[in-house]
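For reference, chains read A, B, C and D in written order, and residue numbers begin at 1 within each chain.
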Amino acid sequence: MQKIGFIGLGIMGGPMAANLVKAGYDVTGLARSAASTERLHQAGAKPASSIAEATRGADVVITMLPDSPDVEAVVLGPEGVLDAASEGLLLIDMSTIAPATSLAVTEAAQAKGVRVLDAPVSGGEAGAVEGSLSIMVGGEAEDVAAARSILEAMGKTIVHVGDTGSGQTVKAANQLLVAGIITLVSEALVLLEASGVDGERGLEVLAGGLAGNAILDRKAATMLARNFRPGFRIELHHKDMGIAQASARAAGVALPVTGQVAQLVAAAQAMGYGAQDHSALLQVIEALSGRRTD
Amino acid sequence: MQKIGFIGLGIMGGPMAANLVKAGYDVTGLARSAASTERLHQAGAKPASSIAEATRGADVVITMLPDSPDVEAVVLGPEGVLDAASEGLLLIDMSTIAPATSLAVTEAAQAKGVRVLDAPVSGGEAGAVEGSLSIMVGGEAEDVAAARSILEAMGKTIVHVGDTGSGQTVKAANQLLVAGIITLVSEALVLLEASGVDGERGLEVLAGGLAGNAILDRKAATMLARNFRPGFRIELHHKDMGIAQASARAAGVALPVTGQVAQLVAAAQAMGYGAQDHSALLQVIEALSGRRTD
Amino acid sequence: MQKIGFIGLGIMGGPMAANLVKAGYDVTGLARSAASTERLHQAGAKPASSIAEATRGADVVITMLPDSPDVEAVVLGPEGVLDAASEGLLLIDMSTIAPATSLAVTEAAQAKGVRVLDAPVSGGEAGAVEGSLSIMVGGEAEDVAAARSILEAMGKTIVHVGDTGSGQTVKAANQLLVAGIITLVSEALVLLEASGVDGERGLEVLAGGLAGNAILDRKAATMLARNFRPGFRIELHHKDMGIAQASARAAGVALPVTGQVAQLVAAAQAMGYGAQDHSALLQVIEALSGRRTD
Amino acid sequence: MQKIGFIGLGIMGGPMAANLVKAGYDVTGLARSAASTERLHQAGAKPASSIAEATRGADVVITMLPDSPDVEAVVLGPEGVLDAASEGLLLIDMSTIAPATSLAVTEAAQAKGVRVLDAPVSGGEAGAVEGSLSIMVGGEAEDVAAARSILEAMGKTIVHVGDTGSGQTVKAANQLLVAGIITLVSEALVLLEASGVDGERGLEVLAGGLAGNAILDRKAATMLARNFRPGFRIELHHKDMGIAQASARAAGVALPVTGQVAQLVAAAQAMGYGAQDHSALLQVIEALSGRRTD
């Protein structure tokens, strides 16, 4: 029975850890409060009061954290994962961070004999709860093989996409596609409604053809209702578009539509929609078209 | 048994007319050559040698033509459909044209007692052959009801989206979504490959999540192989992006990403890819990223 | 002494006609009301009550009208300029219209023995009053030579840029540059102010270097004061961006920044700033940056 | 007589240091080779063999370095400026770097009693040689006053734009304007030439009106001749567009045209024009319009 330390028990990490317990793993989660300790007990996991305690004795440590600086602090910082790790530990970072940070963390870990996979996810809170996440994994083939059954406890589609950092690059590509398609669906909807066409019937027929996409399938109803309760927040997607652009710069490529969509996500953030679902990009297009009065 | 005149027997119109014959309709097609006369005979349809001949005695005339000027010429021109039409004729224009042209044609037709539906389609040559097109219909509810069984002989998803011209507006929205998503998939692929990630495995995992879309499902393989045999040609999509922009201008809305994608489609045309499949937009992104040597 | 008919005595055309009188020309203006008749008398010009009256007996007819349909109606329409023109008339169209319309008008005129120059202007109301307009002239060299002293009565920089329609193409290029630079200045100003930098001192130093431009020289003060009294209205610039994009499409080129700026001008129009000066584009950038509360 | 240490004697820094000598200052420059030692002797400056030697005993140290990491290394690194500085030293950083780096350097310096101005320049090699640079200065008013005569030896327009980091923000605004205007001029030129209009005469008339700008004044001739010898290199402007976008992100604003222009500069870099003048952006627009055969 493998022992897993889990650091980062938020909206995503909490249900992911619970799914590992259900699959039979011995999970120790980092609990920062009495409330989170209680939740861990209920999920069947053990609480740890420090990163070191969650790490010591673990075969695998999983991190699921908001941003690059968090991962740097937890893994590289004083009393962090690397300080407490035994040689041979497998660290699976499932956060969405900059590929460059991922590479830096991996290099530091390997110097201590710790193996690292970058394994960001797609699928949102529902995917985390249902254990149906898409997981894009970067790293050595043998480490991916060693982690596969653990990852399968959390996700449905597990793809080894390449070397260290590759998982983050694929996640960056995922995020530029998602934000771009939300914006395009918003532009289509604004055009339909401003032209006097019924939005619901219009989106229905669009979903059935070559324009079909998962945003239309999963978000058309809430977008038509202007219900922007998250879901995945604009402020996180704004961070992710920064990562996508930095990845493009590092790779030496020019991505014109991505560059423009990043500015529209920045606008959504600047206009005060940061805590809303990323489908709130619709409100930016509506503002540009003079169709908002609030 | 309704009699149908069919004008515009190209890559799309040919198999659409054949499906009408299969469904039991009495179809007379406009044949401009011995070869097209022969094809009509094989499909079980009758050839007509003029627009007037295809129109006279028909209950329904269907037009499936390349662009706005073609529809104006065929319907409004001398010896055109309206000259030959009996009162009560139902004209179904399935071409993709400007909503403004659609309205002008309808107005002229109504003055002669001819009813009009605009019913552009999505689904491509395969959809036309299989009879599985998505058809977005604008016009009066009773005319749509009268046309429904005819449309069901050609398509699977038939949606009445609103008044006259609405079908064209939804088609414009469809085309901006399709071109936009092709561009975003191209940017994602260029980022992956330039970052050293395997494109095939990367696109596979993207297709499984919130970034999933019909372009990834149907065109990823050919895009990975740089096979741009049409399919739907860049030069037609360039025309359609002009319609989408004109529709936005007429509706008084601003569509920033559509505006940019239209320029990238114009670039694909200007760079000499007009006769290739619209997925050749990938080559524009590759050129901007210095990844083409031809 | 040459006789000039002048059609289109608005904010621009009025002072242009007055400058022709000052230069000694015999000017007959089309007056549609008692008030405009009175203004013509005061300027020293004669009023005419119809296009035909302004045209008959004239050596030169000048048109200065809002948009392509106006020029088509005045020149090509019934009882229009061509109906009343004698062979050998020189028609100078100084309106800003689509190059394609300019070509169509020229062709119709030449069939009647009328020579045509397209000669749109830049420089605004101040330039019209001061007689310091920039005039970009398309047409035959000998016609430009014949018109030169007339044009010099209204403008300071008179450049023969090419064949018929060329003047309109250069004007389209002018308008895309002006709208683009206003947008860039707006983005610079929003960045400065949001960063806590004094906008006035920031723009002052920008004006002195390679970023220097006529917008900074002439409009920085009013933009800093958020005074958007026209000047040149957004709604006219919106029309002109449509012309610029149509010209690009006709020429087979892709203009990515122009395409985007056109959408931002469309946004300014949609957001209700149509009657304000084109420097009101600043408000679109401010809205996208969450810096407007109205 | 104030003693000045000068670090960064490249294309810009070399003539700037020479102008300080001409103005009577006692200048010690960091020389890394025999050749640069010789150049310093010829300019009338003293060579130093280390940062420490250039710093010790100086009243003012000027840095003119390529990028943020260079400034961090020279100022903050071991044996760097702060290690060798006496309390009260005035450090004038004239490099173009990220405002955030500028703030970090200033904070570290102030902890050691060193005062800092950020004073990036505009005007290029010619401005450096002629002593006619525009200098945008951020920092405390009394420090700016103390530095003014030194800055006036190198530049013509010296503007104190705000607190520490403000100079860098204004420079970022300058760079987005310059790249944007070069792109707009390129789009105008491509439209003119593709429409059969003479580019030279077209640009001449554009320069005279509201579209007028310093790029047209200084670079039209070389752009028309497709002479892209630098001048200011694409690879540096690519770096600067990264700074402009990072500044916008830090300030919480959305700059749509800047975001797009940044991608076109990235394209110029990716297409292999990194060592050419920034006016080589013309070649990106030409490539998108199918007007390049190389």
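What to note about this one:
Just so we're on the same page, a contact is a pair of C-beta atoms (placed from the backbone, for glycine too) under 8 Å apart; a residue touches a chain by one contact, two chains touch by 3 or more.
Quick caveat: nothing in here was measured; it's all calculated off a predicted structure.
Of all chains in the assembly, those touching chain C and also chain D are A, B.
By number of C-beta pairs in contact, A-D leads over the other of B-D and A-D.
Each chain's centre was taken as the mean of its CA atoms, and the one lying most distant from chain D is B. Centre-to-centre, using mean CA coordinates, chain A is 37 Å away from chain B.
Averaged Cα coordinates give chain A a centre that lies 38 Å from the centre of chain D.
The distance from the centre of chain B to the centre of chain D, each centre being the mean of the chain's C-alpha atoms, comes to 52 Å. Counting partner chains per residue, chain B shows two or more touched chains at residues 248, 252-256, 258, 260, 263-264, 267, 270, 288-291. Taken together, the chain A residues at the contact with chain D in this complex read 242, 245, 248-249, 252-256, 258-260, 262-264, 266-267, 269-270.
Those residues of chain C that touch chain A in the shared complex are 256, 260, 263-264, 267, 270-272, 284, 287-291. Listed in rising order, the residues of chain B touching chain A in the complex are 99, 122-124, 127, 134, 136, 156-157, 159-163, 165-166, 169-170, 172-174, 176-178, 180-181, 183-185, 187-188, 190-192, 194-198, 201-202, 204-206, 208-215, 218, 244, 247-248, 250-258, 260-261, 264, 285, 288-291.
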